[in-house]
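There are two complexes below, and they share chain A, which is joined by chain B in the first and by chain C in the second.
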Partner chain A sequence: MSLKNLLGDWSKYRKGHEEGGFHKYEHMWGLAIDLNKCIGCNACSVACYAENNLAVVGKDKMLSNQGMHWLRIERYWDEPQLGGDDRDFQERGASFLPMMCQQCNAATCEPVCPVAATYHTPDGLNAQVYNRCIGSRYCSNNCPYRLRYFNFYSYYESSWPAPLHMQLNPDLSVRDKGVMEKCTFCVQRIRTAKDTARAENRKVIDGEFNTACAQSCPTKAITFGDMLNPDSAVSKKWKAQQVELGKAEQHKANRDLRGYRVLEGLNTDPKVLYLERVREV
Partner chain B sequence: MDVQAEVPNAVPPVGEHKGDKVPQPIEFPHDIHADKNGINCMYCHTYARRSKVAGIPPTSKCMGCHTVIATDKPRIKQLTEYWEKHEPPQWNKVHDVPDFVHFTHEKHLRRFIFDNEGMDVSRASEVCAFCHGDIKKMTVANKVKPLNMGFCVRCHEKNGGPSDCWKCHK
Partner chain C sequence: MQTKDINENIEWAKINADVLRSMENPRIGYWIAVATCIAMVSCAVVAEIYQYQTGIGVANLSWPQMWGLYIATFVFWIGMSHSGTLLSAILHIVHADWRKPIYRFAEAMTTFSLMTAGLFPIIHLGRVWNMYWVLPYVSDRGIWPNFRSPLSWDAFAITTYLTSSALFLFIGMIPDLAICRDNARGWRQKLYTVLSLGWQGDDRQWRHFRKIYLLMACFLIPLAVSVHSIVSADFSMSIMPGWHVTTFPPYFVAGALYSGCAAIITLFIILRYFFRFEEYMTIPILEKICKLTFAIAMVWSYLNLVEFAATWYGHDQVAKELLLWKFNGPYAPFFWTMLFCGSVMPFALAFEKLRRHLPTMFVVSLLLNLGMWLERWMIVGPTLSLSYEPFAWDINWPSMVQWAIVFGSFGWFGLLFLVFVKVFPSVSMYEVKEMVFHRRRAHRPDFAVELHRRATDPQPGRSPQPGQNPSTEGA
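Right, the complex of A and B next:
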């Protein structure tokens, strides 16, 4: 949260997204994830590790919740007592839910940062400035999605056994210990695309670039793009499913429509849309 | 030695720094090349105008001239040795910003030279001097500007650069 918001009208900041007042961005990057297409293969997760210089912490640290996977696949099984025996859903098996930072428009992590290391960019992204972070972990405690990861150990370039250090992404720093990190919607790719577009004196074209997860998804379940561009694939998907930003709850008359956002009721206004019919079991 | 370059539509950043001498395999005299012979900075640092990094010229670029010019000088003999061994001189970095800083030469040159009305490309060295000091007068390049966040931010404030953290931090 920037100092401007901190000193300005607090309630306007907190509630502003409902009136669209905080949507007057240059771009607003968003995702649509089709859960019917997701096969839980973890390709997105692996791509994220490779793209964002994420350290592989190993089994022990993973078990003690010290993993730093900016994108995780959550797996759910239908329990028999909750309708898992339902004939219609018997062959369904596990349900997968790729969870990355939801890039909330009213992010709960932002107002609690004591040093304003996390704030909203003019691109509508929830930014994290690593070298400003002091590691208080308030943001992590306030994130209802548990999608912020704390770097407990020092991983340097030498932490990757040779020759693996050669695949580190130079557009991104290798974060030191004691800072919070999270999914950035591959901001380095956004930055490059915007720079290229600016150099060529044009606007960023939809589909010109993708996040690493969307690019690597074998079933093309993940769509990334600019939500403010009405012709982009992602905003078309949101529109087709009649999901609107700035709403705490989506009421749909048509039962064929899909699309929900995780923990919508908390009014965090996430920019990640999951395409799956919400069914009561 | 704070040079106040007269670049139109630009307020040069302020701040000085006394950098240590960085030893180089060959003492490259910037003054002879850029000042005495008036070679534009971008002739050797080709990538500055189109990418993040300014770039170190390949030895072939040096040899382009030095197969005929000043071949009897000891430094040029040293250079020719490198060239014949197919080994580039291992130049040491003088201006180095931390890993978490995203700085593009291209954008800054665009703002201060190419998109800057009244600015002549032949005067590029005055813009380079904003952050690199008056390299034209130096022999071996030396760090004379702090290149820290305050230095950058003060210049951004005066010249209307972006103040969004994620523009420069990564």
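Right, the complex of A and C next:
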């Protein structure tokens, strides 16, 4: 690398994160969530518990913030608009924001892990290697979305007393105490789909599989897919909303478009697109 | 009123005798102190075993309060370790000879507080048994730590600093260990014989000694600065409001020197009182440290203001909100105590009356350190409670497990220090002699020559005592 090269192409090196350190991504899994459709039913969250062997920590630990919900439904109340306290009328004021790991392409959690237990995969995923994690919890502290959860205790016995352990999903592990975990975009389903596609000598077809949350949403608020495939449903949504990856600020031609990414200005480049909720006042 | 740093008429033999006396015959108070420290450490050990067995959750760490007192106290102890380097290396290089009677215990403090600090990142890990993964050990699977992570920089920085400061402490002690060897019996004699590395005090040895000492001093200064800058990188390299602050490295280094100096004052008064070191740890020297502490306190306060101003005039809404929340949120009592102890308390050091009053200084120095400990907590805690994601705004106060381990760390430090003062000379004999010698020569040259002749005259039947001949060659 010559000096000229370095000076001239500096911005190129700075923007390297868009490629996540890879020359070529195989896939780029992304989500689009329409908040207009979300009714806050928590089905996605429950599905996530079932699919990903999430520990049920119980009321006490949940109250002391030691829960393990990879996908949480955040509730926010608007400023009272019709007078009175809108909390009494949730249908008026409450907005729901399903938050799962945003699988940032410039993830802030990745560089800070001392043992590189979290890294970027060629699928554009932000992977967490449970076996490698030593539990320094730095990644969670550096996640602006606070979407990483820590196994503060060993939950195996309390969470799935026999015979409940039979319900555990065999496609992925149960984490023990001292390990950080977070939403993986159902990586076990992604792997299965990729393996099947390879065995059948074809490409992964859009809609062939879904994440547990997208699959279980009664109102079809969540769309999952490969953003490198221009024909996938999720790519189309992103395009329609004129939101692009790799940008800290979107320049939309049409200001009425509802698409946005959470805390995009931090330049973490998240891969979850939200479509703002529109409400009649 | 005593104005001289040290009594210039003091005899070499008296210096030896006084320091050696401090290492002998522990009195009942000493044993009580040891017992207290052991009790404190056992509190921490019990808590740690419980936490190890049950999981880190018993410390009431939670989402999003993932770090707590552990990391705050870790930064506190790392900061404490900077005083020794300041006194022994920086002041050595600028030829401030008043440091000589007090640098030894400060240096020991450096080593021991690093040994305490190093425990915290280990204790706070979720899977303690895998802690060696942050080190670049040879693994046949070819797995390396993540060199981009400030936590692995920490691991390198702290191990380097601990090794170097322990070496520096040891090297600076060799001539004194030789004096101990010549005066000791039994196991002590064997120990000192090994440790003094055959020191005879001849010219060649002194020359080498001076060189290596200076070299180590020069090596340690940038190291000390970088160590605390790296510790500050744990926060400033992150993206969170209140942590992502460019002024953190100098702020941390200033804070480190500050708490270190305050701790020196505390230990100074304790040692002076219990070991009757009035002749060496004199009031004028205490005054000098107090002035130094005052200056550093002002630098620290200034950097605080810089941080507030930068946040206030910056455009980061969240950082601004966090700052205001520190001022009037649930952390406010601690925050204001920190500002009071850190920025107002040091003004006590500005008054000569107070500076010369030992009990006042003792209390003040403890309060300064309380402020500095709170400072570290006020860095770690509030940011975790209030950051970008409003849904994750919450406070979790540390549980008894955390408090017990933090409490125990003070016992651990005290225990190490108590062992040190009885096994090793806590005042540098040869350097005090050097200091006396130089001052004498400056003030009363004829008398100095006379005394010097008397001291160097070999007495019949006795070989010259090493270290009694303060050679300054090569210095």
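In the analysis below, the second predicted complex is superposed on the first by the 238 of 281 C-alpha atoms of A that agree within 3 Å, B and C clash if a C-alpha of one lies under 4 Å from a C-alpha of the other, contacts with A are read in each partner's own complex, and residues count from 1 in each chain.
We adopt the following convention: contacts are C-beta pairs under 8 Å (C-beta built on N, C-alpha and C of every residue); 3 or more make two chains touch, one makes a residue touch a chain.
Quick caveat, the model's predicted, so the values are computed rather than measured.
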Contacts of A:Gln167 with chain B and chain C, given as first, second, both or neither: neither
Chain B versus chain C, judged by how many residues of chain A each one touches: C
Partner chain in contact with A:Cys133 - chain B first, chain C second, else both or neither: second
Partner chain(s) touched by A:Arg72 [first = chain B, second = chain C, both, neither]: second
First (chain B), second (chain C), both or neither touched by A:Thr219: neither
Partner chain(s) touched by A:Asn36 [first = chain B, second = chain C, both, neither]: neither
First, second, both or neither for A:Leu263, with chain B first and chain C second: second
First, second, both or neither for A:Arg191, with chain B first and chain C second: first
Chain A positions touched by chain B in one structure and by chain C in the second: 132
Residues of chain A defined as touching chain C within the complex: 61, 64-67, 72, 74, 76, 97, 99, 108, 111-116, 132-138, 140-142, 144-146, 149-154, 177-180, 263, 266, 268
Sites on chain C touched by chain A in the complex: 54-57, 60-67, 121, 124-128, 130-131, 133-134, 143-146, 148-152, 155, 234, 237-240, 384, 387-392, 394, 396
Chain B partner contacts - residues on chain A that touch it in the complex: 119, 121-122, 125, 127, 129-132, 171-174, 187-188, 191, 195, 198-199
Of all residues in chain B, those that touch chain A in their complex: 50, 98-100, 102, 104, 106-107, 110, 164-166, 169-170
